[in-house]
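Quick heads-up: structures coming right below.
Below are two complexes that have chain A in common, paired first with chain B and then with chain C.
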Partner chain A sequence: MTQDNRSGRPQGRPPEGDVRVSRVEASLRGPFLLFFVSAVIWLLVASVLGVIAALGLGSSVGVLRECSWFTPGRVAAAQQDLFVYGWGFNAFFALNLWLLSQLGRFEFRNGWLAQLGGVAWNLALTYGVARVFAGEMSGYRLLDFPREVGPVLAVAFLLAGFWPIVAFARRPTGHTFASQWFVVGASFAFPLVYLLAQLLVLWQPASGVVQAVAHSWFVANLLQLWFGASALAAIYYFLPKVLERTLTGYYLAPVAFWTFFLFAGWTGPAALVGSPVPLWLQSTGVVAAAMMIIPAIIIAINVHGTLSTQGGWGRAWNDTTLRFVSFGAVAFTLAGVLGGVFAFRAPSAVARFTSFATGLEQLLVYGCATMVVFGASYFVLPRLTGTLWPSAKLVHAHFWATALGFLLALVAWLVGGWQTGQLLANPAVAYADVLRAESSWFFLLTVSSVLLLVGHVAFALNAFGMILKAPAPASRHD
Partner chain B sequence: MSDHSSSGNRPLIPGQVAVWLGAVSLLAAGLIVTGYSYLALRQGPNEDAARRQAQKELRAENAKKAQALLTEPARNADGTFRIPLKDAVALVAQDPKVVAKLQAAAGPAPAPAAAPAAPAAAAGAFVKADPEQMKRGAAVYARTCIACHQPTGLGLPPVFPPLANAPIVVGNPELPVKFILQGLMGPITVNGMTYNSMMPPVAGVSDADIADVLTYVRQSFGNQGNPVTADQVKAIRAANAGRTAPWTTAELGLK
Partner chain C sequence: MKNLNTLLAGVFLAVALPFGALVLSGQSQLGGLGRAAGEEGGALFPAREPGLAIQGRAVYVSLGCVSCHTQQVRPAGQGSDLARGLGARPSVARDYALQPQVLLGERRLGPDLANYGARSSQINVETLLTDPASSGAVWHPSYRFVDAAQRTALVAYLKSLRQDYPSPEAKLKK
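And now, the complex of A and B:
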């Protein structure tokens, strides 16, 4: 227990020799572990599906082609849904609840309600994914599930994801912190956006292109206001906490929060540039995406400013939690800047219909949100279970496999997408040649998906080993 | 540690759950307001039916006006009528007094003396188009019109109207030329069916192309309309040179 920082040992752990867990954390143990364990299981399933999807795209694995359940369209959709709704949501249910309970000194007495929500969420998700595999998709990305799943997921969200708001409302002092704003915002924004999108797209469909507009609005809100905001909350918490210093230019953070929530909801139509929706709507999306530079810059000042003083980067690199969290912070800044620049019409005309948009999305969803959740769980789990992470080697394997795997995929998406876009725009190039050029990037994506799977397996082994060997929650009833 | 530790009587609804219920009600209120206003603004199926009914009545009212417009011959920019030279020669050869008869029939039409008008004779003088022109027209059709109006000319109901047996197509070529040049926006009724979409203006076609393709369409798919010349198209283009907005049937007196 005396390893120094460079060993890759996670630093977030209870004081030496004390396996007692604080009452706040003891009260969270049940719901947190339910959300966390289901999140990791979904992450593993999604990674396996990711490998299958990549193999299906890159080469011809005959066995899988025979079975209609494993046709690339269904596998890719199921993979995305499981990653977003299985991993992303469960993980942030756990993390947001933990964060706001910590910041609000909140002892959770109704854990069973949250657990009920978690169970309902996972059951509805399982049913939805089964229907996706059976080929009964709605055809709208991230709203793939048949429409009866929507209300169940929404109610489950209210049961599972609304307790951070309760923790916020019952905080003992009037003082609030940036993390709390972002989590409360995200927890209110998602159910509203999700139910309205369900209404506009699936239950009472708006006519014609309005449906597409509503769908793009939903996707942008889901990515920015749930994944982006929740990840920002964690970044704002762990950075000053682990570095034990105040954030540079923290007085700017309220501006970042309000501009982020003001503009993020409008960025959706930027994805529709060039499609038959009114021009003013496309322009609104472009303007909003460009305005997202403002919160991105302020958050960069807060985060990178803090990291850049007094050897912050070096300390972040040598701390497991901060290594992941600062990776996520850099990815967020990059996503904000690239998203703003490539929303403009000229670059967007090249990049649209290519994997470039996927790259920008994954920069936020994986590069930022997922990496931040990884970092946070290295901090939170030891405190919650009262034990240490079993293997430092697995921690290293986790970091390098996920970081390299993600960077490889990012290069393939962004560079490959841009190249494809330019070939598509060139009338002298035959479409078959465009496809051939594009498929040369699939090898990179396949390697990346295997690396990610390796990283996730390492993480799951470490986490499950830790949870299983944890002592019973000693301080819960004393 | 906690300042919410339970003491004394426990309330019916624990404080945490009460706050949760409050937050859920807040969200539900927001959702109901937004969702209700969306549903109120959205045109329901009943309103759709009512709109269709009103449209039907309007259509019946305008039928005569539309018929009059369709049987009217092509006009030049200055308002005079024009028909192909071959037709005029054929008419005069058939009946030397045709000009005087037509002048009497056209009545209030402006300056009909410049050229003989066609309405009375249109049915009698069907002129077969030059096969070369038909061939050129088919080529233009294949690269420009075929995507919406289909190789059969039957269109794709209820989105794209048919060209086959459509009175507008075989009537005065002014309307089709206008649609090709500036596009057509909004509802149009063809053979009793209302199509409510948009025909975009067709860019990059010359007067000769338009004349060829219209001639092709007017003599294919069972249509029997006279050929159109590039000069006619040129005149219509010149008459509407400043216009960029798509035409609407309301503006043209159709419905």
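And now, the complex of A and C:
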């Protein structure tokens, strides 16, 4: 362990005094920073809405309750949309582009196109969220925006998020790495999934409950094939990179990739067990969710196998990037295994309609993907800006607030959700008593939302401080 | 894994196959559902929605009610919906065949509303929106800003929600 490690300084920064940035990274600076800064701003807004939503669950928040913009349904929809499309997409636009440019030595000559896409994406998102607050939403979670927003987001995605595929196509060597497969898969799958879902849910709605089937298919694909695949790409990159080791059982990675993509798309109807949709659809979803344990185990062999040898866990704990990335890797394994086990009919009958499903979803979206993005930022930003993170204390505050905040929420969602489900399953328990039991977890969720906000503010202060004090790009080119 | 075309073709199939098998097959199986009589010579159900109920659905969606209320009754063995009296029978796909926008819901922070219109003791929605505490729903948010016309439409919509008729797929117990 170096002196820098002991002082809590984030690793993965350029050597002291060396502010030279590679030509590849210099070409990425503009689009990367646009995506990254947008992502962090949306994260902060979503975090504030998260606190409002949590407060609204358990108590009356006077003024806000009298304001039509802040009905619990609108706040929840806006918060989710901002977190997913604002934070999640912008962050992975930046990270996926950086990853594939690094791995493919791709010099980005058309950065303005990506920036144009980023601006269009964020403007469409702002418009969509404003409409949600005004009550003009679709009623379908994560497809809440009025339908005219969808095509704009799709075009903006093609401008902003398609470049990793170009970087893959133009790589100078024949060799490829697992991170590249996952990013190419995520970048190609999302626009397809989004456009098909828009078509059958909003533009030409399918008949009756088929809308719910299409919606469940969309949500599963969005979460797994964008958030899951993008996060896995980063895990597969940063783990061997920072540990300077090859991954255990890396020859299994292609199996992990194909099984992940093969099964993920079928898991949607697992969320409809017991609903008025054909049983064969429900069963297909359950089987696919159970099959997702296969890629989860293979990825666990690759990732946890590597971390479990030669003091990997200790090194991961002492490295800021790996601390976050390992957290995300553990969350991914848990999400895969729990998602498979609790998709079956018996546990699903208990957990349905409770916060349990939220817990499983957030295990992937926050516990895995968001924590991985945080870790990656500590590695990438110093390289792109040529400066150090301003405050080690803020780094620690960021990790502990987000890790503790997330774990508290996870306990409330999973344990609270399961307890509520068991009470609901017992018809002798009055509905008022079920609600009373469920509301006892709201306090924990409120504390968690405040902790997450604190962590995100610490991250934003550090990141923005770093970007603002970075030297002008011209002085850093080779 | 080195060929971009192979990779893209594989990912395309990974997206297209489930879409075709789950969504398009579902549409081909359920797309033709319409009104039907549960018994020979009986009345056709589900009933067509009154115009005011259609306006009420827009209010329901606009307020975000779907984030806390479900509209589905699960069969016996999948939860206690029937034992709790949420409906006289499980919901079936035909119940939603005429609905332009199906709002099954994913969370049950409030009671299920699939059979709100069929309940004998209905909570007063007007009071629920303006003064939830006095209506007994202590956790329900206040929606005092909803104007009278919207409240009337919302009540009409909620009263139109009922699955207490026999369906070819789910008979009522005698």
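To be clear about the criterion, the second predicted complex is superposed on the first by the 470 of 478 C-alpha atoms of A that agree within 3 Å, B and C clash if a C-alpha of one lies under 4 Å from a C-alpha of the other, contacts with A are read in each partner's own complex, and residues count from 1 in each chain.
Going forward, a residue touches a chain if its C-beta (ideal position, glycine included) is under 8 Å from a C-beta of that chain, and two chains touch if they have at least 3 such contacts.
For clarity, every value in this text was computed on a predicted model and none was experimentally measured.
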Partners on chain A (chain B, chain C) - clash or fit: clash
Which superposed partner A:A369 touches (first chain B, second chain C, both, neither): neither
Which of chain B and chain C A:A289 touches, first, second, both or neither: neither
In the superposition, chain B vs chain C on chain A residues touched: C
Which of chain B and chain C A:L113 touches, first, second, both or neither: first
Partner chain in contact with A:L158 - chain B first, chain C second, else both or neither: first
Contacts of A:R105 with chain B and chain C, given as first, second, both or neither: first
Partner chain(s) touched by A:A169 [first = chain B, second = chain C, both, neither]: both
First, second, both or neither for A:V24, with chain B first and chain C second: first
Which of chain B and chain C A:F188 touches, first, second, both or neither: both
Chain B versus chain C as contact partner of A:L200, first or second or both or neither: both
Chain A positions touched by chain B in one structure and by chain C in the second: 165, 169, 188, 192, 196, 200, 206-207
Of chain C, residues touching chain A in the complex: 1-2, 4, 7-8, 10-12, 14-19, 21-23, 26-27, 29-31, 33, 61-68, 70, 72, 74-75, 77-80, 83-84, 90-109, 111, 139, 141-146
List of chain B residues in touch with chain A within their complex: 1-4, 14-17, 19-20, 22-24, 26-27, 30-31, 34-35, 38-39, 42-43
Chain B-facing residues of chain A, complex: 22-24, 105, 107-110, 113, 158, 162-163, 165-166, 169-170, 172, 188, 191-192, 195-196, 199-200, 204, 206-207
Of chain A, residues touching chain C in the complex: 56, 60, 65-68, 71-74, 76-77, 135-139, 141, 165, 168-169, 174-176, 181, 184-185, 188-189, 192-193, 196, 200, 205-214, 217, 221, 225, 254, 257-258, 261-262, 264-266, 268-269, 271-278, 281, 284-285, 288, 345, 348-350, 352-355, 357-358, 424-427, 431, 435, 438-439
